[in-house]
Amino acid sequence: MAARLPPSRRADYPLCETIASRWADNDVYGHVNNAAYYTLIDSAVNRYMIVRAGVDIHSGPLIALVVETGCRFHHPLTFPQHIDIAMKVARLGVSSVTWHIALFESPAGAQSPAAADAHFTHVLVDRATRRPEPWPDPMRDALTAAMG
Amino acid sequence: MAARLPPSRRADYPLCETIASRWADNDVYGHVNNAAYYTLIDSAVNRYMIVRAGVDIHSGPLIALVVETGCRFHHPLTFPQHIDIAMKVARLGVSSVTWHIALFESPAGAQSPAAADAHFTHVLVDRATRRPEPWPDPMRDALTAAMG
Amino acid sequence: MAARLPPSRRADYPLCETIASRWADNDVYGHVNNAAYYTLIDSAVNRYMIVRAGVDIHSGPLIALVVETGCRFHHPLTFPQHIDIAMKVARLGVSSVTWHIALFESPAGAQSPAAADAHFTHVLVDRATRRPEPWPDPMRDALTAAMG
Amino acid sequence: MAARLPPSRRADYPLCETIASRWADNDVYGHVNNAAYYTLIDSAVNRYMIVRAGVDIHSGPLIALVVETGCRFHHPLTFPQHIDIAMKVARLGVSSVTWHIALFESPAGAQSPAAADAHFTHVLVDRATRRPEPWPDPMRDALTAAMG
């Protein structure tokens, strides 16, 4: 455990959205369950993909599928609480994108340490064939704008 | 189905909180899953119980357990969306409370019809024995304030 | 609360499936959260609709949407545990079906009292127009076979 | 993506439990949502911790908290389906344990490739202070028995 990276800071991220925790997020220890963090993370990323990058999840020809996620948990979050989900694009490939996402009790100050640090990788695919497709320019532009 | 009650209106409720839907709420048909409505409802009710009525879910001697819930679904909600959870206390018993809760796309106008109408009944119990206990005055006052 | 109906019994239901509870189902009080019951209920009903009634949730022209659910909670369930979801069709309309569903700690004996009693109403609709459609004969037959 | 590790095989794991997917696990693309995988994973791990390693989640003095999780998604799972959750202890520290977990459509053959490969790290802590504690011998023995 010695080599464990320290928590990131709110100031490390250009984007943030705030979301309320839910009663059902709490586990028997009174903390937001680890799996619930991922429901917050994919909500923030997908909201960006839909609203800013123009992905049409209902009928568009290109959809983004998750190929890898991970999270390090530093200190607990709970219900009731508002949570700041801070994020940036860390790596943009031909048809993939990796986000770095940090979660904080809201409102987080610039130097607040993250409660959790996560990464999340999407690959853009054709809806029918599920084969990778390169980012169209408007999507690539929106993702480039999310780089730190 | 002939006798089905019409949707309630936003103006029927004195209280409201707004919460963001999540990616995981959507089912295969692109709607918020019926079970997810209940996670919104018990979040709004429990937030009131904790913040306004003073219930200490982690170590208080009195806790509120759910004994009955129900929901009629009028039209779909989706992700991404913000949802207004409007609510009022409809019946206050010696140790029970029944809430009426309506969900709306946010921001709802006064005459907006509800996407769903729900009821939710809590019974106050002793944490150790799980036997019903009468509402202490501060909790009763907070619940009375939530009557329409 | 005086008029509260007693729990139903396992023997009241012709159908049953068993499902494992999950860590995330437990709330801060160590019980399966009320909303999680509905995820068990709609899993059992939809499994029947898909496997026995032939509903194709991915691309079929007819889909079943939830219009009403409700549940009375008698005693708690928990994780880890296996749960028997007993069910029957209580009412079959032209394009609707209402299930009665009871949940039990598994394995339930014939006279075991339910931990919770629920109802769940689906309406069959056209996938594109979302207008009600009458049950095709094979679906009606499968639902008739589920009557008590 | 060139260096991406291949999926593991069912035969790589000494332990396995089978769990049913749920309707609510499916996302709008008809796949089990990425966050839902973690609810399967922590259910399998915690069931082992409770049933085999003797952790008392309700009132024991020692509890296991999650400090890191991650998952690589190779091909989709769906509802309805039964899922084999294969697992082994990959690293056992003084007060921590890292599991490797692979998910498969059930029943998986010995050479079936995993749908997803995950890791999951618990740290044993004192319930009150939340400080790390060394594994008591019975817990350490149960975890040692889960090594591949």
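Assorted remarks:
Every chain is named by a letter (A, B, C and D) in the order it is written, and numbering of its residues begins at 1.
One rule holds in what follows: a residue touches a chain if its C-beta (ideal position, glycine included) is under 8 Å from a C-beta of that chain, and two chains touch if they have at least 3 such contacts.
The structure displayed is predicted, hence computed values, not measured ones.
Subunit C and subunit D carry the same sequence, and matching their CA atoms takes a turn of 180 degrees, rounded to a multiple of 5.
Averaging C-alpha coordinates per chain and comparing to subunit B, the farthest chain turns out to be D. Look at where the CA atoms of subunit A average out and do the same for subunit B: the two points lie 28 Å apart. Distance between chain centres (mean CA atoms), subunit B to subunit D: 34 Å.
Shown for subunit A are the residues that touch two or more other chains, namely 23-24, 26, 28-30, 33, 35-36, 39, 42, 57-58. Only residues 23-24, 26-30, 33, 35-36 of subunit B touch subunit D when the two sit together in their complex.
The touching residues of subunit B, when paired with subunit C in their complex, are 1, 28-29, 31, 33-36, 38-39, 41-42, 57-58, 63, 65-73, 93, 96. Residues of subunit B that touch subunit A in their complex: 17, 19-24, 26, 30, 39-40, 42-43, 46-47, 50-51, 57-58, 79-80.
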